[in-house]
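Chain IDs A, B, C and D follow the sequence of writing; residue 1 opens each chain.
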């Protein structure tokens, strides 16, 4: 049996920091708008190929790109170049865990120049997976949310309290899943956290949920899905999370079926 | 002497959670794209009036809106309604600290219905400040970033390590400044954190930076600005941060002058 | 009594033609997307100030900007610069007819350099109207549409036939109103044409409609509004056009009242 | 030898006219922005699959979709539904001329309900071409522009004169090519017109150019390309047009090679 393999792409804006303050610091709301729109566009484009992208630090986005080939990657660079005042470099790598893949992608990009090297523009390094090497179990997504967040938080505490609760729960879960099982976790809005998990070995979801509750008092539930692409895995995870809601359970898996969109 | 007053607006998507899973869970990349674009648009619109908006949880955004009146607020609602498949409710409040203002805005919105009440649509509650009550010292912005982040992190550690470092530094700073001085802090991309601070009493920036270093090992610097609007204060803070870079200092204030854009 | 005065702004992309083919011709769908988004953004921004902008040739947009001052104009340039790979030059002029104002704006811009001069970037020439010189009758908008277009065309003939009918009706009306009364007319989607008319002297709307019918067989109706800004005049015109629909009439005026949005 | 076949898709906003005036007429700049952004998004998405889309009347867009299958079409509907306050119906048809294909697509859509039938939502009718039926000569694109437009018009006459010249040249060319050879022509910004021509029989480009000059005094040149998709054909046409520029010729064909992006 072949090992499941996760493919990630590091999307790095070229020389962005200096651009934001040259010749003078640029208006913050313009930068916020630029970053959000660029992310929205990359998200749409990666999503068309079945991938996921997370905004991470906005100037460094992290994507799960099983199913996207070289041409898809150059298309992302072309679109950004043709629509924005900035360009992006991309580094692709695959490995048996998300963390290992991203580590490799990061090294590859660092090797061709600094993020603030004005001579490094639109680098594209690394290799997408061959199609025949891909399997229907390559990507595992765990979709977490907070139990009854609206009634317990949004409608009850003030908006910054709610913000701090989600941020703290996310930071705690992020570190735990990275340390314990090489997973990459991202806050995706509302009370939702999406983790890209290694498909090979079982992730200790029970332990993760308990750890977050112990550290922060916040109670998470999680739906887990698997698929050939991030989209397939993520959609299964969403359906599993709906099962949690229906059944009043904390952990549900939806590993068998493929879901549409 | 009149007390400086901060005006905040809570921007809450109406009944958004249920919408994302009705009739079936919607594609994650579409949701990411929708949320980011909506934030980008609100940012542009709030920014035109001199305000700042932070994405916070994306379905609940937090804005500093000194200078935006009722008409500006209804224009935001109209724009969202005319461009998006969702609507927003807004709650405005002013007080002497950012935390107090947001607490008041949160209560006002909670009073008119749940975030997931399908009958609450486009609520607009609270009152903007009268123009004559406003002063040139109403808003204080502290703009933090991490010393030499690119050379120490982006170009050296892997992208998730860098992500975790920034997230952890942010979470630590956010809690400290909220607890110690009622400030609201937000991650704005890259290695940048923007704090809306109470103008009335001095914020312990030295203590905040030391606390973050002690807890996380990460070294921040900060530029502080003040103004009639978030934009004015934020632009001064950016210039002060440039001063830190030039002078090799950790804390700079730029409280006297007004800057263009 | 003071003469009504129309203020127009010519928005010209700097050196855009060469950019679209350098170093190689750029992908057409990217150019279409770029042009449309840039127009959408300028439209939102001009619209916030009460103005109208028409895409015209997309690389040369024509705006009615009564109510927008210097600061509003530089904000448009800043936003484009911070969000797009291209920049815009602006030329503002006011006169007693739309055609005269645009002629003046065109001359002013031509005087500072060619549209394809790589040294002319972000020119801003001309002067907005002083606020005290403005009146509630400065802008007259005539909003035309085709009688029963959906049932007679969209649902009956093929989509290119419908496209040709609207294009031909528009081209005919555009030339007539320009020649006869110095009005500037623009196709705004669907079966809608918006004309910016001189407020001073009565426009021969009856003649225009008859001319289009005689030349093309297409029957138009029109609502006419007046206001301090394009938005005010345009909203009145829309309400007048609704009156046509209700009353089965061809021409309605709504010159008295101001409408909200 | 198999006949070249063009596949077109009619993209029609559902019940859009009534929406724009319900409950009150919506702000014109919001409508302009909505229409332009929706077109930009559809353009990006159709473009990813190698297709072209033209805004036509904005509420009815016309696409050349050789290479886009059922799944690509439902993805367009899904994206619009998840990002906009409106939905789209799609009708796909293929034939040996662009005009015949669009006529068929129009009939199919009319058969399932009116554009203003509030019960017709997200209709998807017709069938994309089987992949094995497609050839490398299915799509012919002719890309026209005006000789020395910038120096003769943009930099010399006023902006509405230039607008009228292009509009009139376009309207004249559009009717001629439709009547003479079943081609569909669209204005795409600047001084550019793109015609989708039947691949089977030679189009009389010489005659078209002469006709436009005779009727309007405007001198066009044209690059012609052919390909498996609109993008391939269009990119070849752009390169051919560059050849015209280099060689000082009026008509160039680039029918042999495939170009990248």
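In this text, contacts are C-beta pairs under 8 Å (C-beta built on N, C-alpha and C of every residue); 3 or more make two chains touch, one makes a residue touch a chain.
Everything quoted here is computed from the prediction, not taken from an experiment.
The chain pair from A-B, B-C or A-D that repeats the C-D interface, sharing more than half of its contact pairs by residue number, is A-B. Measuring from the averaged C-alpha position of subunit A to that of subunit B gives a distance of 23 Å.
The mean-CA centres of subunit B and subunit C are about 36 angstrom from one another, to the nearest whole unit.
Computed centre separation for the pair subunit B/subunit D is 43 angstrom, with centres defined by C-alpha atoms. Within subunit C, the positions touching two or more other chains are listed as 27, 30-31, 33-34, 37, 41, 44, 78-79, 261. Chain contact topology: the protein chains form a complete graph, every chain touching every other one. In the complex of the two chains, the subunit D residues touching subunit A come out as 41, 44-45, 48, 75, 78-79, 261.
Considering their complex, residues 10, 12, 16-17, 20-21, 25, 27-37, 39-41, 43-44, 46-47, 51-53, 55-60, 62, 99, 102-103, 105-107, 110, 114-116, 150-151, 154-160, 162-164, 166-168, 170-171, 174-175, 178, 184, 188-191, 194, 231, 234-235, 238-239, 241-242, 261 of subunit A touch subunit B.
Partner subunit D is touched in their complex by these residues of subunit B: 26-27, 30-31, 33-34, 37, 78-79, 81-85.
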